[in-house]
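My questions all concern the structure below.
We call the chains A, B, C, D, E, F, G and H, going by the order they appear; numbering starts again at 1 in every chain.
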Amino acid sequence: MELTVYLAGQIHDNWRDEVKQIAAERNLPLSFVGPQTNHDRSDNIGEAILGAQPSAYYKDNAASDINNFRTQVLMQKADVVIALFGDQYKQWNTAMDASAAITMNKPTIIVRPTALIHPLKELSNKANVTVETVEQALDVLAYIYE
Amino acid sequence: MELTVYLAGQIHDNWRDEVKQIAAERNLPLSFVGPQTNHDRSDNIGEAILGAQPSAYYKDNAASDINNFRTQVLMQKADVVIALFGDQYKQWNTAMDASAAITMNKPTIIVRPTALIHPLKELSNKANVTVETVEQALDVLAYIYE
Amino acid sequence: MELTVYLAGQIHDNWRDEVKQIAAERNLPLSFVGPQTNHDRSDNIGEAILGAQPSAYYKDNAASDINNFRTQVLMQKADVVIALFGDQYKQWNTAMDASAAITMNKPTIIVRPTALIHPLKELSNKANVTVETVEQALDVLAYIYE
Amino acid sequence: MELTVYLAGQIHDNWRDEVKQIAAERNLPLSFVGPQTNHDRSDNIGEAILGAQPSAYYKDNAASDINNFRTQVLMQKADVVIALFGDQYKQWNTAMDASAAITMNKPTIIVRPTALIHPLKELSNKANVTVETVEQALDVLAYIYE
Amino acid sequence: MELTVYLAGQIHDNWRDEVKQIAAERNLPLSFVGPQTNHDRSDNIGEAILGAQPSAYYKDNAASDINNFRTQVLMQKADVVIALFGDQYKQWNTAMDASAAITMNKPTIIVRPTALIHPLKELSNKANVTVETVEQALDVLAYIYE
Amino acid sequence: MELTVYLAGQIHDNWRDEVKQIAAERNLPLSFVGPQTNHDRSDNIGEAILGAQPSAYYKDNAASDINNFRTQVLMQKADVVIALFGDQYKQWNTAMDASAAITMNKPTIIVRPTALIHPLKELSNKANVTVETVEQALDVLAYIYE
Amino acid sequence: MELTVYLAGQIHDNWRDEVKQIAAERNLPLSFVGPQTNHDRSDNIGEAILGAQPSAYYKDNAASDINNFRTQVLMQKADVVIALFGDQYKQWNTAMDASAAITMNKPTIIVRPTALIHPLKELSNKANVTVETVEQALDVLAYIYE
Amino acid sequence: MELTVYLAGQIHDNWRDEVKQIAAERNLPLSFVGPQTNHDRSDNIGEAILGAQPSAYYKDNAASDINNFRTQVLMQKADVVIALFGDQYKQWNTAMDASAAITMNKPTIIVRPTALIHPLKELSNKANVTVETVEQALDVLAYIYE
């Protein structure tokens, strides 16, 4: 049984590649989808498609239309969601995606450092599982196939 | 990941062929469905299957049964909806299909000329993305695969 | 049993007052909600609350946010929807509201002149009942209480 | 028509009192619900009911059970959600509640300072309306009753 | 706790009056809704509101629009459905209403004579309870209040 | 696009074979499912699996458990439902299946002789399309692929 | 805001009276519903309404029809569910009701003695909150009103 | 038509192997999923992935997160659920899974010894079919393909 996994979360390092590599090493039948991970491309996608906007606010508005479209398409296709929080940035998209996934009854794993236990306690509580490392998230996915 | 796209909208020119051609040129793994695009066939399908009706009103009623059946089958299969408005005609089926798609949580792109910004403002606002050209709609779909 | 009726449709004449008057004359236990019927107020509500926008397009965008918010709140409260089409204007909001209501399983009555039979045939077919006058729509509502 | 409004967001100042006062001044038929606003009480509620936990992590876990229970009960009763972001703290519960509300089709207003436009752009885009002040949020609610 | 009960079924005798009388005698806090029980009125309602139709088929079509509208409004308001089958007629509306109610998760009681055990066995099996008399149906409703 | 079609209706003649033959002749990419068509097997399946029951009533009850299980599995897999009524028997399972399918938003075609127009008028009105012959039902399905 | 609380669980002592008394002492605006608590009445209700059955198995089958009807009606009306497990009996109805409530998104509190931590660990994990005493369950409900 | 079957129930003997063997002998196109059947692995999975917990209670809590994640993923993929009760243990996970499956409209078969007829009567009543042996459960599945 192949599963599609949506990888929500920060796009400032290559944690998604790490996830895919571990899955490949373990021969897990998983395919992965997620947001645009090129930060500039994500911020500029509205103007890239729709043309110049009158200000930064409208540029952001145009980009978010298209980013949300992409997320909605791919999350509806996903069987499972992993949402990773790092130690920097607001990461509100991560919280938004994790909460939407949980509300849509998508089984959800949160990955977060221990420093974030307190501020993420209610979201962690609503998710199925909260772990601290990408390896642990893959351990949880691998457990499905045991 | 292959996606099925429902192409709602006017059937007075060959914009659907243009969509398919661009998708093919870009090697996007998309398959397309949509309404009957032969206008006469669409208007006459009720009488063609059920026989002559007592008046134009009943002919329309019979045709709409079958057109709505087709739309319901295909839209339920679609992952994404593109709804194109042109500068002519009432195009209420386009509005109906776009609104139904949005209410069913189908990710939806509206294509419309700038002349229609004002009368379509609430529908555009409910859709995920509104663009002006078919090329831009394909840009949005292509962004899913980046 | 009191019912709440959402009155979707054009805001260019006082048809909603006529509906309310007939309901009162017949002592029907109905309460009515609907969109903002002051056209200028509806078009300007975005700038009225959020301040001046950079162009007509963004003014429309801001207004539609708030008009759609109002419609969503009130339509979710409605037990029944009446959608009236007149012989002028695009009336895409009417088509949008009727289609959303039907998709949400709200029992829906369409009121439209005979001149619109053909272009509205698919939407009429999806609605529960289509009539030609406001009086007939009230006849349908009154029938619930017989 | 009375509406119940869930007031999601930070609990570090008395913005909810301000909301209630403005609603009272305008005679809006609104009733308000929301999270526990006593921060210590919210953090300690798990141990207050269930007894001492082995560490801060388990204390947080116990508290979040009960805070999430409260939120789920009250948000299911709400017709509308206002989610306010301030300029401090992670505010992940605000993002979580707003995203859950939107996914549950609750009409949602976000209030945030302009400094947060960029990091909140995707969440704002999914909400119905985004404003900058509590007064503007009440303007939007008042518009329902015009 | 007051409950609304939809009384689906044949309209050829006064069994609904019997239900209401028993409920009143037992002081059960029930209110009852149901279809039009004047058979002629039900058959003629389409032409009564919409005017003469070209044939019996179209007369039936017009009447069913309005009868289905009434049923949808009232069944959505109902907490419980009682569907009574008698020993005559096709009674397909009764089967249709009972099956729709069960699919909508409305708790449903079927009342049918023993002669109909075999042809109704699958529908009875899907309903919550099947009884033989109106008194027994009221016994089941009364049990809720014990 | 392959579609799965549930063939609800009487099991007293070989109309399902006729449907499959026409679909094959037209090269329509349809696969068909439906109820047990061996009448004795359907009536006896409860005792065949669970052993002798104390009376005809309990035999029917046991059989209907298993017949309803089969129908639920297969109808949930179906994209489209055809429900055929003949001129004999109560056919309440056909009405039950058609009504359940419509309530589950399965696009539904009813096939019935003209003699049944009046007693089936409300169910026909809720279905997408009503036709008189199996050939016409296939015409409607074929129209999806034009 | 008044809330309706379904009290699932064993019927071998008067814990429901204790719940009601504590709620009254604290002036909590709660109303309570639940299963038939007279064990003999619950076991005999099938025969009491439907008459003698051929064996204990069929007596149980008849009773369960009516008990499940009652539970479905009342649980659909409930805003919150408390499910209490004691130290005796199988208590599968309690597990069934709690699991159904959680799957229906009803906020759910489990009350169980510490001896049952291990066998109830997965169900407790799916519920919102698990406590050990009725007083603690009321503490959780009271917290909603703080 | 291939179906996926979730095998809920006790993990103390090899009944799942028996199910798979019978399915293979009959050439039924079924694939099977289910919970972790290594009891120690199931109990220890929380600590195995997340590390040592402060007490047995927290060890159970961690394990149940991951067991529930697995169950949710696999049950959402299942077309049918078989839930087997044996004559030992509390088996609350079996009751929980069966009740969740039924509430999610998954067609469900319960297998239980006759000794459990009385305590399981309400759950059996909500399931589609209740049988006594694994062979009978496969008979029911095989009937889908006749």
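Just a few scattered comments:
Going forward, a contact is a pair of C-beta atoms (placed from the backbone, for glycine too) under 8 Å apart; a residue touches a chain by one contact, two chains touch by 3 or more.
Molecules present, by chain and UniProt name: A, B, C, D, E, F, G, H = YtoQ family protein.
This structure is a prediction, so every number in the text was calculated from the model and none was measured.
Separation of chain C from chain G in touch steps, taking the shortest path, is 2. Of the two chain pairs shown, F-G and D-G, the one joined by more C-beta contacts is D-G. Copies chain G and chain H of the same chain sequence form an interface built mainly from equivalent positions, shared numbers / all numbers used being over half. Chain centres here are Cα averages; for chain E and chain H they lie 38 Å apart. Computed from the mean C-alpha positions, the centre of chain A lies at a distance of 31 Å from the centre of chain H. Averaging C-alpha coordinates per chain places the centre of chain B 23 Å away from that of chain C.
Touching of two or more other chains is recorded for residues 61, 65, 68 of chain D. Listed by chain label, the pairs that touch are A-B, A-C, A-D, A-H, B-C, B-E, B-F, C-D, C-E, D-G, D-H, E-F, E-G, F-G, F-H, G-H. Interface residues of chain A, counted against chain C in their complex, comprise 54-55, 58, 61. Against chain H, in their complex, chain F makes its touches with residues 4, 31, 33, 36, 38, 41, 45, 48-50, 65-66, 68-70, 72-74, 76-77.
Chain E makes touch with chain F in their complex at residues 56-57, 60-61, 63-65, 67-68, 71, 89-93, 95-100, 102-104, 114, 116-126.
Of all residues in chain G, those touching chain D in their complex are 1, 3, 79-80, 105, 107, 109, 128-131, 136, 139-140, 143-144, 146.
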